[in-house]
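Structures incoming, each one as structure tokens.
Shared between the two complexes below is chain A, which pairs with chain B and chain C, respectively.
Showing the complex of A and B:
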């Protein structure tokens, strides 16, 4: 087996484990923000549907406009914070992507032949498998990021229908099976990753 | 925050007379607005639970219609629910009463500010003093700022009083949502009001430059 390549793979998986944690925590921060956004959208549509002139609130002529401004400002703030979280996701994706491509490059430049590539033991999976898993993880985070970013880019504080459905759509982007596959491969690697 | 406000700027501690009044007033504005915010949070939770209870009340009324045999237990439940609702309304009333007190105190601050201005006009004529009392604002500007703040909170108080009257009797969920969102977002207290307070605190040396 190729020692340098194996070592590089080990380092990548260790860092992948850490980045998965950060990714998860960023997503956990995003979901209450998404809920808040949906909630604000709901308040805005309620305001649109109610004819304030037919309610006891008619004595406040400017109320509707002022409240709408407040709601839009609040939605803006939430969108901004989501944007900041997207930046953090982007940097995680970038780091995973660059590691994956560096590994691939290292493999292409090495003199690893087919036997070495497929050789494996009880504790160490084959280089081919590990390269595959890293690529799978890289693709997962790349797609996840793009989908979430695309969703956020469609959101405008004044487009109520899109805003209202946003929390649901955000949740639907979760891809538990693909995520589970990465967990599984990291499990298979647990003995390999452990510092010797 | 009360503690941190006092004496952040020691060079101002020796001031007396009108400058002292203006400086103390600014601190009072800050504290009253904090108290208002706390009352607003407290009131929002109460208003939200009132809305939830009233919407559940509707469901109970619907339930009682078909089976007459169960009506006694349902009625008892309804009575208990009404008592609970009444209780929450009283608590909200109490919050609004305390908000009235806050606005009364704000009115008092505006009166003091007007007094300071009148005294100055009496001493220096309609142009006022040449050298500003604090950093740069004319005494009139303090009076105007207090007026702006008071107007915002008085109007918001009227809105809260209306919501208090109506929130338990509102049948449509959209209107209930609008009431709650009015209570929470305080449309008559725009971001500019908070900035005005910050300007006041900066000017009077409560916030470091």
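Showing the complex of A and C:
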């Protein structure tokens, strides 16, 4: 087997494990923010439904506008914080992506032939499998990031229903089975990574 | 190298653009892991990256359809076995730029999402993907609103394929909805349409004009027609026409199907209808759009006095059609075969501005349809389409396609049996004609199955035969001669003469020779206990006959069917009313508009010059009219208005057979009988003065029965004495006085 490529793969998987932890923690930070966003949307829709003139609150002038501005500001802050988190997610995705493409490039420049590529043993999976797993992981994070980004970017303050359902949709984007596959492949690699 | 079997893609590979191959095949094709590979399958090809199978098995291939030819979207390849030559490695340099069209799921996303967001998403999605010019990149695995990305062009365009990197510039040339894109794809391969060129041209014009010259129209201050009503009998291709034209123009089509709209709760139907209009409106923003209401009569019937739920639906449609602004650039097309049952409010300019009537096809149109239908069939090159078109009178497009299918099935059956080549020949069509009848006649009350009678089966009457052929067969067979001499087809023929002289049989022979539809009607079909029902039935019969003209309408015993106005006791009897209907139908003021044959003439801005060729004219002679053939043995009972030229113009006397004719009749009757050589038919003929044809036939029958009686069922032939003895027991059914009455010009 090609030693430099194996070495590079080992490094990538180790870093992938670390990146996963970071990704998970960022997502955990995001979910309360999304909840907050959903709450704000609910308040906004309640505000549009209520007839303030029929309530004792009518004594306050321009109450509705003020409330709306306040809510929108709050939503803006939440979105801003979400955006910061998205940036962190993006940097994770970018680093995984660059690792995967660098690995493929390294393979293409090396002279590893197909038999070496598909050779596997009890402790060490074949290079082809490992390249596949790293690519699969990269695809998973790319997809996850893109879906979340699309969700956030299509939110608009005038579509409250969409905004209200945002936390639910955010949660539904988690795809445990794909995540489990990455865990599986990392488990299969545990013997390979351990010598480190 | 061995063939490889195409399996369904591995779900884990979804969106990875991988093509799983055996390592042996990979090294044979000198592919490395991740090298781009073009896989050709029937109908298109797919660009993917080579990857060894994880089980290293040879002989199988699984590919993820990420970047495919557009044709493969609707029909992904399955159950195929590919040869290694179908796999070609391609070189994919890094691209400097791609130009794409984005296909999104919903119109709302297209409308509201800012361009930079879409651009950013698409750029992210395309990163690392190998793309091919004119191919489609499937983005469904991302599960966002963006479904497909169509690669319009790549830079540098010296290569046909390449890889998108983070440095590749992505230019979005347009955003379409999935529905629009798919309809565009579908429309690229609809079958051509025969014989409806004029109508489709006018429809196309209506769709394209406002798009091509929007400024001209607005400066003229006119709005283009917004609604078209297609009227025509079932099966002439109304629905197909709309689909076809929409496909040619590249418009999107919103179809309203009856059951989809009608809901159970009050107000539900109206709501659905509004939603349909909304859908059309949003589709119209992307390009030309047609809202197609098929079977309009079932959805929007004539409003009645009571508060039926349909009334509200009709009212909703009316308001929706009125509410269309000039900015709503979509065309409403309705199709119906029962325009009379539509609500009259729908049929005014501003709603359905134009009404296009598509009649049953004429000879030329049938020929065009048949040519189109036979294009994809292995037809014998000697097959004469013109002849086939001539004998299929009354067949509409749907019937013709059924006919072709049936003929092909006959050819197939013959081939399975081992005889004959795989070619559809005329005989197969003739065979199929027996089982496929024109649909316009399916429910007709006068439809009769004829056993074909040859002219030779009728003895004597040569004069009458010639006259009948003149009036029935000639206009069908030699239309060009009729045009040359400025003749028109006779409207009607009356055969009169004593009973039993083969009037009915003559008509049968004429019908079987002239290849036209034949309807026969008797009193039992027409009379009904309801007032007005009989007249309606007769008018309907004429309408049906006209729809499949040229057609022979045979009224046997017309004297009892239709009375005379002069000598009747009751002036308002059913007979008189039927007579007035018949007079009107035969030579009335004109045809109803709806019964127009062919497509009629449609005004067009393109200015298609009407060229009256002789061919067209002769076709007109053929298609013009229904020929009424009546038979009676009491011509004096007929109304004189019926007998004037223009109605029953040929009045033919069918005389009782003279001696020569009787010989001929006897010969015809005894053709299937074993007769002794000593039987002298001439002598019999001489002895049977005043015998009618029916009498003579009866005579032969009696003689045969007598022979059986005498020789106790073992008779092998009939002798002359049998004839003579049975003759002695019979008397002629005609009298000289009776015949004299026919001959005297008393009428």
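One rule holds in what follows: the second predicted complex is superposed on the first by the 192 of 196 C-alpha atoms of A that agree within 3 Å, B and C clash if a C-alpha of one lies under 4 Å from a C-alpha of the other, contacts with A are read in each partner's own complex, and residues count from 1 in each chain.
Assume a contact is a pair of C-beta atoms (placed from the backbone, for glycine too) under 8 Å apart; a residue touches a chain by one contact, two chains touch by 3 or more.
Note that the structure is a prediction, hence the values are computed from the model and not measured.
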Chain C versus chain B on the shared chain A, clash or fit after superposition: fit
Which partner, chain B or chain C, touches more chain A residues: C
First, second, both or neither for A:107, with chain B first and chain C second: second
First, second, both or neither for A:142, with chain B first and chain C second: second
Contacts of A:42 with chain B and chain C, given as first, second, both or neither: first
Chain B versus chain C as contact partner of A:128, first or second or both or neither: second
Which of chain B and chain C A:57 touches, first, second, both or neither: first
First, second, both or neither for A:191, with chain B first and chain C second: neither
Chain B versus chain C as contact partner of A:70, first or second or both or neither: first
Minimum Cα separation, chain C to chain B, after superposition on A (Å): 29
Shared chain A surface residues [contacts with chain B and with chain C]: none
Residues on chain B engaged by chain A in the complex (per definition of touch): 155, 158-159, 162, 165-166, 172-175, 177-178, 180-182, 185-188, 190-191
Chain C-touching residues of chain A, taken from the complex the two chains share: 97, 101, 104, 107-108, 113-115, 117-118, 128-129, 131-132, 135-136, 139, 142-143, 145-147, 149-150, 153-154, 156, 181
List of chain C residues in touch with chain A within their complex: 12, 15-16, 23, 26-27, 32-34, 51-52, 54, 56, 109, 112-113, 117, 120-121, 124-125, 127-128, 141-146
Contacting residues of chain A [partner chain B, same complex]: 42-43, 46-47, 49-50, 52, 55-57, 59-60, 63, 66-67, 69-71, 73-74
